[in-house]
Amino acid sequence: MSTEKKKKFLQGNEACIEGALYAGCRFYAGYPITPSTEVMELMALSLPKVGGKFIQMEDEIGSICAAIGGALAGEKAMTGTSGPGFSLKQEALGWACMTEVPLVIVNVMRSGPSTGYPTGPSQSDVMQTKWGSHGDKPTITLVPASVQELFYETIRAFNLSEKYRTPVIVLFDEVIGHMREAITIPEPGEVEVLERRKPTCPPEDYRPYAIQNGEVAPLAPFGEGYRFHVTGLYHAEDGFPTANQQYIHDTGMRLVNKVEHNQDDICENEELFLDDAEVVVFAYGVSSKSAKFAVKELRAGGVKAGLLRPKTIWPFPSNALDKVVAAGNVKKIIVPEMNLGQIYGEVQKVVAGRCEVQGIFRVDTEPIHPKQIMSAVLGHQVEPTVIPDEVLIERPMDG
Amino acid sequence: MSTEKKKKFLQGNEACIEGALYAGCRFYAGYPITPSTEVMELMALSLPKVGGKFIQMEDEIGSICAAIGGALAGEKAMTGTSGPGFSLKQEALGWACMTEVPLVIVNVMRSGPSTGYPTGPSQSDVMQTKWGSHGDKPTITLVPASVQELFYETIRAFNLSEKYRTPVIVLFDEVIGHMREAITIPEPGEVEVLERRKPTCPPEDYRPYAIQNGEVAPLAPFGEGYRFHVTGLYHAEDGFPTANQQYIHDTGMRLVNKVEHNQDDICENEELFLDDAEVVVFAYGVSSKSAKFAVKELRAGGVKAGLLRPKTIWPFPSNALDKVVAAGNVKKIIVPEMNLGQIYGEVQKVVAGRCEVQGIFRVDTEPIHPKQIMSAVLGHQVEPTVIPDEVLIERPMDG
Amino acid sequence: MGEAAKKEWRIEIDARLCKGCEICAHFCPTKTLEIKGITMSVRDLSTCIGCQLCDIRCPDFAIQVFPK
Amino acid sequence: MGEAAKKEWRIEIDARLCKGCEICAHFCPTKTLEIKGITMSVRDLSTCIGCQLCDIRCPDFAIQVFPK
Amino acid sequence: MSSRYELRFSGSGGQGMILAGIIMAEAASIFGGKEAAQSQSYGPESRGGASKSEVIISDEPVDYPKATSIDAMLAMTQESCSKYYKDVKKDGILLIDSTEVKDIPEGPFKLYSYPIIDTARNELGKVITANIISLGMITELTGIVTHEAIEKAVLSRVPPAFLELNKKALQVGFERASELKAAG
Amino acid sequence: MSSRYELRFSGSGGQGMILAGIIMAEAASIFGGKEAAQSQSYGPESRGGASKSEVIISDEPVDYPKATSIDAMLAMTQESCSKYYKDVKKDGILLIDSTEVKDIPEGPFKLYSYPIIDTARNELGKVITANIISLGMITELTGIVTHEAIEKAVLSRVPPAFLELNKKALQVGFERASELKAAG
Amino acid sequence: MTTQVTARTVPYKEKKPFDYSPFLRKGKLPHIWCAGCGHGIVLKSLLRAVDATGIAKDDLAMVSGIGCSSRTPGYVDFNTMHTLHGRATAFATGLKLAKPRLKVIVATGDGDAMAIGGNHFIHACRRNMDMLILVYNNYIYGMTSGQASPTTPEEKISTTSRYGSIEPAFDICELAKTAGATFVARGTAYHAQELEKTLYEGLMHRGTAVIDILDSCPTYYGRFNKYKNVAEMMDKIEKDGTVSVAQAAKLSPEKLEGKQLRGILHRSERLEYCDGYKNLVDRVTG
Amino acid sequence: MTTQVTARTVPYKEKKPFDYSPFLRKGKLPHIWCAGCGHGIVLKSLLRAVDATGIAKDDLAMVSGIGCSSRTPGYVDFNTMHTLHGRATAFATGLKLAKPRLKVIVATGDGDAMAIGGNHFIHACRRNMDMLILVYNNYIYGMTSGQASPTTPEEKISTTSRYGSIEPAFDICELAKTAGATFVARGTAYHAQELEKTLYEGLMHRGTAVIDILDSCPTYYGRFNKYKNVAEMMDKIEKDGTVSVAQAAKLSPEKLEGKQLRGILHRSERLEYCDGYKNLVDRVTG
């Protein structure tokens, strides 16, 4: 009975919000856009019920700025969007990275570039999550691949954003966002939730950007006795602008390295049949679902296929991938993506010629078919594909 | 006398505009931002004199949109900005890629992320020019490294944008933008200028997105008898939105490939001492200036150093680089950048383990010193560096 | 003024375009139109006064009224 | 109202902060202030009437007038 | 893979095909103790167009949520039938609305044909119940979920005022399908 | 590299150091038949702060526009002098304003010291001409451009009304520098 | 060349029935709008008004943003651009400045123009560049399935104001006027013939013209807010909820309470931007 | 918890001389502004007004965008944020909604608020969220060295209007009022004491308050437009170019020609946004 109660049959977008609420998110500012709209709509419904704050802003830029404002007031804050809106949020995303504000940003990927095909799934904003804003900035991006995982990974996104004092992006595609599965919502306390670290020192000693034990200082909420300054300019430990090149260097390096140097803490991966795999599929999000299906089928047929599925795409899980390659039995790595080879390039960097890397790219809004992966594993060349008889004729919404 | 007349002592930003005017640019829409402001200011001064159109828009988004509007009216159009403004332009940049509108966008790079250090040079928007907008899109980015070259490359940017019907980015750093050199302005006709191809077919036959001889159809200016439709949604050859997966696939692939498959036409490189080089410095923009200095010094000292300097960073000149690596005598490639290794990663992909790749990264707003490169060539490890006694104490403008 | 010869009208409804929203029928002053299934149809042509209000308010280019 | 005892004033100019914009001097009703080099200075303290207009309009927190 | 069971509900926008898929998936997962994943191609047109909703039911968590080889499919319109029937596997089930689908597809599957919409209109007085009737039929034809589970799932999704109507629609579905089965 | 000649003009915002650099570079490149590149660290503060303008002159195109080892440097303020003098190379030239720079740097360079600003104020009646005087001095001390070239460059940059004044300032610069040289 | 488009100088006569086909793109109907969506009514009024002006199709450009309303350009046989959400006026500004000969119509929605596009909107009004901005105002984001917009009335239901909107709505006309538009009007889809005339006036105006057009989204706004059908929405909101400027003059304040004014609400003369730019160029070059 | 900040209820008395130091951040002076820049005068007026309200420093937050004016927060000992160009009100909106107890002051410039930030500005006014928006209006982009802004008067020179601006300027106050601000006022740096009182009123207002503050950029606007010095700018623009609401009542239309009004121009009562949100939550949860 009670187990049944905790089971909910939800859309991915809904599970994301359940996860956010579980993690203590009490502030949402957004602007609707297909296919992320349900994220916002469910927040509009839910937040008032728990006394949280919801606001629809005038645009995506205003949304992320308001969310950051909410975060600086001390709330766990969130904003969500899709491609075009994500492009608009880039400048402010960089500000949050620079000022080290915890924040969770959801991007439900749709087909691009531009307005593209709004209801069609795609995985083509992966590189943008890392490089969309000017300058080198830290990037944590989670790529959950099921409704249940979306729930857990959204919680993890909030935890990571608090731990590293940095925005975290939850990135998934329209298929994951709109598919429905039964998921279990754990009781409060069952899943770890990190709370905002607040300073305990006397206000006059508070240095909001000082490093203590390798971690950036706790972030005091505005209005609670610590009157500090926050700026997107390069700043010293006290938060005030500086022109000192040593500080600029230190801050620039520290921001990126706090993420890059903690890959092993931040990255989580699912591994399947890797022990003796000769062909490994490296796949995330919707494409990993096809991959898993394919790999299992192949194993059933005696083929030594394996799957490495990152749940975290940034920082790029180079250590995990390197381990697989270094083990020596892998002859080929296959990277199926609903884009033109964004993560394929990252895999190439890590592999550095040690084995073959083959990409399967698809941009016709149809998920990669398990058969495409199977045939690649079996050694066939797979061109970027469209399956023309699968023509969608629905009206493209949101364009 | 007449040669003296054509010689002008100009800032990089000014040379850029001289090039644009030479190329026939007659439309500029912008919003000021350090360190690109002179680009805009010189347009405000110059365009009215030649009957061109200049408008200061309400923000960067409006600027690129207005520039695209100008381009669709048939003008060669331009907009310019720096980091934060470039982040804001990403969505519309994607639209221009999708709709295949010729346009030139200047980004004079400053120190990021976020407001960063506005007057400090940097090269940290290189990846953003390719990945800043959502979706896979075509990217042509030129990275001139001197005032004279800025003049020529800006002309080339306009030519490429017409030829490939796509936005072209002229990307340089604050050092190049603000340094002054004497340059020669050629007479009209001396340098090739490509004019906009216009359709010649009867209006009823005009298919603005059809491919003819491998090239996209000419672009009819608005108001000249060809009444067609332009949309950022996936569209068929006639320009109208489509949900046909075959068209979506074809368009998605074609957009990216029209650039990627024409690397040899688009990419230009400067090569120095590559014949027998054992250590090659791969450098662009301001860092290539340090590199050239270093390589010449080293050669003078008998060291077999060489320089490969791309003038075009996107499409990434993988063919040229591959040729250098494939030749076999190169033991190491050094990539000095005023960022944390953006192009270094691209070099890694191409090298694929065939030789060592070493990065020299610097983010303290000081250009990489030739000595840093020399010591890397000579085999020393070079950490991301700051030279603390070179502290700038000027007031950071624009922040 | 007085008894003018009653003008006659022809109503064309394009079934391919009509979405059955019933706006035309609702605002027709003479109740000349009625929905059949999901398509608009003419209930009684003779009542039509040719006021064109149905055309003017039809969002779908689906109905037009011509003099006979 | 008659001959009240003339109040006396002390003018403090912070040379570290004064940028020599001369706003204070321009608007001083009694011309008590004058620029010296690039810093404001008191020409004749006795003329000061303590109106505080110099302080009120100094953009740089550089001048204040106190009762002696 | 063996336990994987694939269903596709197809028709046109407004016929409740997406809801049918959701209810079936809930019947399997919430009330049936199995795993299920439902997905769809959406973007409703006001009229026409083919829309589909797919449900994968399995004993293990569902890896791939889209149909690869369909065990049972419903087609409520000609357009959706022609467009989607090809994925039905050998010996799979294809249920079509006999009034709507005139161009009957051929293939190595079991074809069932029934005037579902007419039944909804005439026997239940509401066209809108057609999707619930078809849920009953698919349940009966496939046996992939129990009557009880599908009933619970339906009832948990409909407003109280329509409980009886929907119960009845489901019942009609069960019956007609078992008659069809019996008929061959 | 041998022909590379590096100059640095330093002082505080508002002293015209950037303009001095530009004029020197123009003298060399536009009027002197050489190649030259000028660059600066900018971001003027209203008061104080050290600013610098660098000019590289060469027979070939200039590869690297920033100073690496300075042939001649001007320092108009104490702050800029202390901050920047270290890059002056062995046997290079350092010209300082003797009124402003009290803490005289030591090094293996040739030091020239002269009250440039005072001269501008007292002899030419305009402090603002100090940068032109110093241009004259640097020209004379280094010989890197001709008197003619620097004069042309100066005159092409100043408004007609100030032609004579600036000519005179330059002349004063030439003279005082040659006296300094003569003095050793 | 700032020569204006050729337009008829005689007042136009209504054509009944009107032949829309010369203005429509062949094969593009049926349009994507839902049954009863008011956007189609607005479009038809616009086409009749365009015909009345006599402006050649080649001289007309239509620029839109993103939204159901912004799909309009796809159907009309002018020079058309379907751009980015909120940015239509910015694109239009560049187009018009580059080619002042074009008569530019911006087709936009309450979300497109007043939410994300608010800044471009007010700046377009400020510049007074010759362009006609039509706001298809259905108080909701139709295309994304019914979220609140800056014109959603207080207490109304949308998917992002589930408990009733707590935000006051913008008065588009007041904002346009204050920002500097030199022609400001309001119409409704219900008053489609009156709207046609207002559109005609707007097209003939030289400078930034804004027309706020009350129009219905039965699919979302109507459904959420319990209107029986679209006809009821039109009756209650567009007919009963508005009064023409002429009628208003005769009504008592109580009678006017809660009603929006229809008709031309503001008209003024001010140098058009492209003309001003031309003067500048003449001054600089001449 | 929508409890308002503790504020003095008695009208304040001027303190002469005023001790600014409790409100300033130690060691941050001299500020970066140029000699004669009006921003410092505005800041000082604000600090005196803040003192008069008695609002605790902990309860005050100041949010700015980017610009010379937007550097203000760095100098004041409140909770301060120096954000992105144009986005100050959006950041402020989130901050205030999350913590309604804070009194939020937005420090922004004519470029920051009215150019790139225009949309956030009008939407903030529409919502009537409790915040005081100070526009340091110097008719120019100071920080980027003198480009035209949406308040640059026509014909004035800037680096992007080299031949004289051809764009009409916004009236910030009119726009704020039309967009929905419930307190709208204008002051000048010249009238620094009057400004202090206006700021005090603005701080005490509950809802969106906008104060347009005429202020000088001698370095660019002054230099380009041939003002001898900053004092002349203040005399001509701020003193001679304005008249107080009280004076205006006594002046003939000719005398008022070309003058801007000073003082509180609009004040109205409307439910504050956070209060409205609290009501909503009470309704949903209670």
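So that you can tell them apart, the chains are marked A, B, C, D, E, F, G and H in the order they are listed, and the count of residues begins at 1 in each.
Keep in mind that, in the parts below, a contact is a pair of C-beta atoms (placed from the backbone, for glycine too) under 8 Å apart; a residue touches a chain by one contact, two chains touch by 3 or more.
The model shown is predicted, which means the values in this text are computed figures rather than measured ones.
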Name, by label, each chain that touches both members of the pair chain G and chain H.
A, B
Moving step by step through touching chains, the smallest count that connects chain D to chain E is 3
Highest-count interface - the chain pair sharing the most C-beta contacts:
A-B
Averaging C-alpha coordinates per chain, one finds the centres of chain E and chain G separated by a number of Å equal to 44
Computed distance of Cα centres, chain F from chain A, in Å:
55
If you average the CA atoms of chain B and of chain H, how far apart do the two points sit, in angstrom?
40
Residues in chain F with touches to at least two other chains are numbered 45-47
For chain B, residues that touch 2 or more chains besides their own
48, 58-59, 61, 84, 91, 95, 114-115, 231-233, 241, 243, 391-397, 399
Spell out, as numbers or ranges, the residues of chain G touching 2 or more other chains.
30, 32-35, 84, 116, 118-119, 123, 150, 163, 277, 280, 284
Which residues of chain C touch chain G in their complex?
16-17, 19-23, 26-27, 50, 52, 55-61, 64-66
So, in the complex, the side of chain E touching chain A is made of residues 1, 13, 22, 25-26, 29-30, 35-45, 49-51, 61-66, 68, 83, 86
Can you name the residues of chain A that touch chain E in the complex?
4, 7, 9, 119, 146-147, 175, 178-182, 289-290, 292-293, 296-297, 300, 367, 369-371, 389, 391-397
Show me the residue ranges of chain G that touch chain H in the complex, using the header's touch definition.
116-119, 122-123, 126-128, 150, 163-164, 166-171, 174-175, 177-180, 270, 273, 276-277, 279-280, 283-284
Sites on chain G touched by chain A in the complex:
32, 66, 84-86, 115-116, 118, 141, 143-145, 147-148, 150, 159-163
